[in-house]
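Two complexes follow with subunit A in common, the first pairing it with subunit B and the second with subunit C.
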Partner chain A sequence: MKRKILINLVGILLAFILGALVMAIQGKDPIEAYYRLFEYSLGTPNKIAYTLNKSVPLVLTGLSATVAFASGPVNLGQPGQLLMGALFATVGGLYINLPPGLLIPLLLILSMLGGALWSGVAALLKHLFNMNEFITTLMLNMIADYLTLWAISYPFFEKNANHPQTPLINQNGWMPEWGSFSSNVIVMLLAFGIIWFIVNRTTSGYEWRISGQNSLFSRLGGVNVKKNYLAVMLLTGALAGLAGGLIIMAGPHRFIKDIGANYAWDGVMIAMVANTGVILTLVFGLFFAILQTGALGMELQVQVPRELIKVLQAVIVLIVVAGRGYFESLFALLEARRKMRGRTS
Partner chain B sequence: MGDIIEMNGIVKIFPPNLVALDDVSVTFREGEIHAIVGENGAGKTTLMKILYGMQPADSGEIILRGEKVKFSDPGEAIASGIGMVHQEILLIPEYSVWENVVLGNEPVKFLDHLDSKKAREQVKAKIKEFHFNLDPDTKVADISVAARQKVEILKLLFRNVSVLIMDEPTSVLTPQEIPQLFSELKRLRDNGHTIMFISHHLDEVLDLSDRITVLRKGKKIGTIEAREATKTGLAQMMVGRKVIFESIRKAQKPGDILFEISNLNYTDADKKPRLQNIHLQVRAGEIVGIAGVEGNGQLELVNVIMGLIEPQSGTISAMGQDVIPQSILEKRKKIAFVSQDRGNMSACLPARITENVIMTHHRLNPRFTSLGGKVLNFKQANQFTLEVQEIFDVQMTSGETLFRSLSGGNQQKVILGRELLLDAPFILLDQPTRGLDVGSIEYVHKQITTMRSKQRGILLISADLEELFRLTDRLIVMHRGRIVADLVTDKTNITEVGYLMLEGMTYEA
Partner chain C sequence: MKIVIGLINGMLTAATPILLAALGGSMTYYAGIFNIAMEGMMLSGAFFAVLGSYYFHSWLVGILFAILGAILMALIFVLFAVVLKMDEFITGIGLNLLSLGLTTYMLRQIFKVKGAFSSLEIVPIPKIDIPLIKDIPIIGDVISGQNLIVYLTVLAVIIVHYLVFKTRFGLRLRAAGYNRTCLDTSGVSANRIRIISLLICGILCGLAGAFLSLGYVTVFTEGMSAGKGWISLAAVILVSGSPKGIALISLLFGFTDGLGLFMQRTMPPQFTSMVPYIATLIALFVYSIRLKKKQKIIGA
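The block that comes next holds the complex of A and B.
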């Protein structure tokens, strides 16, 4: 456990040093830049609230990928599932009128259904034709991309808009805000808690984790591998869909073209750094949100382009993921030498 | 005869915690056949790979003809006259014998053009020189395994190698082919070649070699003259104590039939029949052994019983129920199973010990779950790990450590503990002692006989005849997917069963 934290910290530190070098070469002051980065994302309660808000889609798609990777299925369909969730929530919000206490949960459930439907298609293709979800989820991403674009350009198009977008959803379906703090953070934390419990405490979560590490062993142990596969696909799709629903309900309150941005791919990246750890996914999701929010501050104050943060993120992923294997074998070697010395002396 | 090679203080560590060679020093004399013996994992092959430059040693030195040498790859070793023939044969099947022999060291004429005529003549001359009885023009794809092995040796001789390392050369040969290989190796020795011969078959070693070095768990136990060695003495050196070859069963009357296979047939995806017309019964309080050379249908039999593959016809019944259509979980209520493949089938190496221990139990025993089976009860799970540790004498620090960090013997104890505590009436054991050290083997054997006295029915698949004779009441011999004999263990002997395993019939037939 200590080792894990150490490896992650070293990865982040190395990435920051590399970033500082790049800035120094360009004649910018890295210390000032990093100060602005954190000042802009965490400097005041308002800024923290904004950063938290930004972390919601990152953490939720990250959890989706983490649960999938830890359990075996290579669900890479978070971008598409997110868009479908967003579309479902939007359509619900356009046509259903209920008081907020009912409409908000209903729209959240709809968004999860949208995501689960999309990952369910991939699961069905696997079941019927043994098609690998690694391929089908990626392909379904593109279909979702254009399907939602069509939906907001034609059937749900806002009249007279000069850009593909839907009208605003029913105001009763907006996530409540208190100042700059949006309640979507509460939904995220709730989802995190539930996922942590499912993965670490339930019988199914145990079976998923073991199947993810050794499918044949769990099958021989009496685990219904097929059923678990379906459950994991649906759950992870629902998580990504929830991220999409929350983007609509806490953000522009309508589906605008390109609303999904890169959230889901960042989520996959977060899951890779977190290496199947649910808590680490939350931590890295928050951390990446800090970086992404603070990037703007860096750009405004020190004229360091925002894109540097993308480089920094990528370097963190590379160093942590690559370093993991390296550190593991390094520790193993040291251990072996120690034992050897113990034997000969 | 002077010394040709000295290996001094060789240490080799494989992370995370395997010390493959622990300060091993051996001297090889010029013109001798020197056998390196030891159990699986004793470090024989590793020692030779270090000499051959395939693996670097962590410390120690190699002295060749009085000079310190260090080979960083096999090419350098070959250039210094040391060659190795591996267990797997690595030739190009589409090429002829002479083409394979010269490959990488071809005689060339003008402009680097292969001089095929000269090459063929050279190979032919070598074949003649060493009396190898090979046709240089046949395709390697068309010759037997024994002949391919000869091509491998020839390849090295063609490069003027004077030291030849043979890694378990007999493991790929049929019994009839072995004497020929040995006479060829002896002729090479008489021509002044030095041969190092890795084996764990004591009879072979005594027959062939001049001197014998015994390794055990990475340590050198000693080097002795072969003519002074005996089989029991060697066995004792290899395993570190007297080996008991006798049966450890007590007489016991078997009970009702617990498990029965009838008329079972399985044909694989390539339309090859793997199991043909299998009939067998296991009674309560009885150990039935399945003997056979590996690859004669044992694996398929296990997979069919466990439900990993579906047979074309036949029935398998446990406790009177046909289990073929049942789910694996349903089968596991009646069948405990220990696989030969610990890392893939019997355990999840990267998971914690406790997570390995509760597998299957978590679905069958309500003790481990609450809320109608939905939530795991970790208190009970940890408690259960301690029980297994206690009953099966597992050396471990805590159930939270990774299963991978246990030694092989302790891993197997945990697996046995999990399976035997399932309290299933029928126990399927597929090579349960494979790769274990002697102490652990004895422990596993004791557990198996305890289960027998508890009136369980046990089907034991093993490649180790001594194990089968030690434990079983009845012996079934499999050959090419068929059962060729169903014998009472006390009324047969190792020679008869060995012959049945190889030939599929008895002497008389």
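The block that comes next holds the complex of A and C.
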């Protein structure tokens, strides 16, 4: 366990050093930049609340990818599922009006339905025609992109707006806020708890994990692989959809063009770097949120473009994952040598 | 008649980048690499093409830069997937995101713009008029006057086919994918073959990127590869890597793209933009149905 944490930290450190080099070459002070980054995202309680708020879509899409990858299905459709979830929540919020206590759960369920519907299409294509979800979800991402763009450009278009967006959703459907702390964080933590419980403490979670590690073994052990596949696809779609719904309900309260840009691919990145661990997904989701929030501080104070963070994230993923494999084989080698020595002496 | 010529030209324009990237994917497919980084290589190529063309006022330098930019991505792939033995799938995804991040960052850092960079000083890749043929009515409009890269693409199909099936290198390439250990034990380093195949893939993806940003427009926009790398991956999988098959299927995808533009008269543009992706899904569908039938025959 300690070794795992160490490997992750070393990877992150290496990525930061690389980032510092890039900044130093451009004549910027990297220490100042990193200080600003963390100061801007964690400096005051308000800033922490904002960072937490920002982490919601990251953690949820990360969980979606993590559960999928850990159980076998290569669901890369989080971007599309997120958009569909956001669209469903928006449309519900535009036409349904109930007291907040009813409307908020309803919209959350709608957003999950939207996401599950979109991942369900991919699951169905796999189930009926054995089409690989890895490519179908990617294509469905692009289709969802244009479908939602059409939806906010024509049927749900806000009149007189100068770029595609919908009107505001009913105020009863807005996530309550206390100061700068938004309640969507509570929804995220709830979802995290439920997912952790399902994956680690239920029979189906166990079956999923086993199927992810060895599909043949689980089938021979009597696991209904097809049913589990469908369940995982729907669940992970719902998670990504929930992320989309929460973006709308806690953020701009309307669907604006390019609203989900990047969030969802970040989810895949987080899942990869977290190595299919549910808790690590939460940790890395929060960490990436710190980076993304702090990036603006870095840009304002040290004039380092915030896009550098995108590079840094990808580098972290590559280095941590590569480092994990490299260190593990290194440790295995050392272990084997020690055993050899023990035998010969 | 004009519509037909327009459709054919639209088809060639849309098919070219997909075809080039898919040829690159075909090289790595035969080498047994699960390479999904074409998207990132293409994007990097597109950015560096604009960079080179803008600073040196030459499309040739633009193409060279594009190839170097894509090769840079290929080298990173080599470092992680071949040298450090990281999972190829994760490397590919990481690389695509790295490419997206890097190009966005450099767009901001070098050109001081967000979203897109366009300038009159970027020199586009020229169109080539073939003497004599260009004067033939109809045929001249299609065969002559295409972008230089389109002709290079035709050449690339032939070269890749020859390289894979008619040369010693091709034999080793296929052996690397078919049975690595066997190749290694016969004294040829499979890793070297894999690295070469990735570099060739980089070159081809660089050309595809140059076509995107310097072909008919002179602009680089964030994430301008827009899933073309994924479509080319689908093309490679659909035909199991065969260069001829890739050429055919890319033309088919290109045709649907041109058709989409044509349909814009009757439909909102968002729907017509979906057409290539839906076409990919349909192609995958047909593929899986055929596979099922084949398996049934073998089973019976």
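Odds and ends about this structure:
Everything below uses one rule, namely that the second predicted complex is superposed on the first by the 345 of 345 C-alpha atoms of A that agree within 3 Å, B and C clash if a C-alpha of one lies under 4 Å from a C-alpha of the other, contacts with A are read in each partner's own complex, and residues count from 1 in each chain.
The rule we apply is simple: a residue touches a chain if its C-beta (ideal position, glycine included) is under 8 Å from a C-beta of that chain, and two chains touch if they have at least 3 such contacts.
Here the structure is a predicted model, which is why all the values come from computation and not from measurement.
In the superposition on chain A, A:Q213 makes contact with subunit B only, not with subunit C. In the superposition on chain A, A:A332 makes contact with subunit B only, while subunit C stays out of contact range. Once the two complexes are overlaid on the shared chain, A:Q303 sits clear of subunit B and of subunit C alike.
In the superposition on chain A, A:Q171 makes contact with neither subunit B nor subunit C. By the touch criterion defined above, A:T203 lies against subunit B but remains apart from subunit C after alignment on the C-alpha atoms of chain A.
Touch criterion met: A:A314 reaches subunit C, while subunit B stays clear of it. When the two structures are aligned on the shared chain, A:N97 is found in touch with neither subunit B nor subunit C.
In the superposed model, C is the one of subunit B and subunit C that contacts more residues of subunit A.
Look at A:T44: by the touch rule set out above, it reaches neither subunit B nor subunit C. Within subunit A, the residues touching subunit B in one complex and subunit C in the other are 329. Looking at the complex, you find that subunit A touches subunit B at residues 201-204, 206-207, 209-210, 213-214, 216-224, 329, 332-333, 335-337, 339-340, 343-344. The residues of subunit A lying in touch with subunit C in their complex are 26, 74, 76, 125, 129-132, 135-136, 138-143, 146-147, 149-150, 153-154, 265, 268-269, 272, 305, 307-308, 310-315, 317-318, 321-322, 325-326, 329.
Residue ranges of subunit C in contact with subunit A, taken from their complex: 76, 80, 84-87, 89-91, 93-95, 97-98, 100-102, 104-105, 107-109, 226-227, 230, 233-234, 237, 268, 270-271, 273-274, 277-278, 280-281, 284-285, 288-289, 291-292. The residues of subunit B lying in touch with subunit A in their complex are 11, 13-19, 22-23, 306, 308, 327-329, 332, 337, 339, 344-351, 355, 358-360, 362-364, 369, 373-376, 378.
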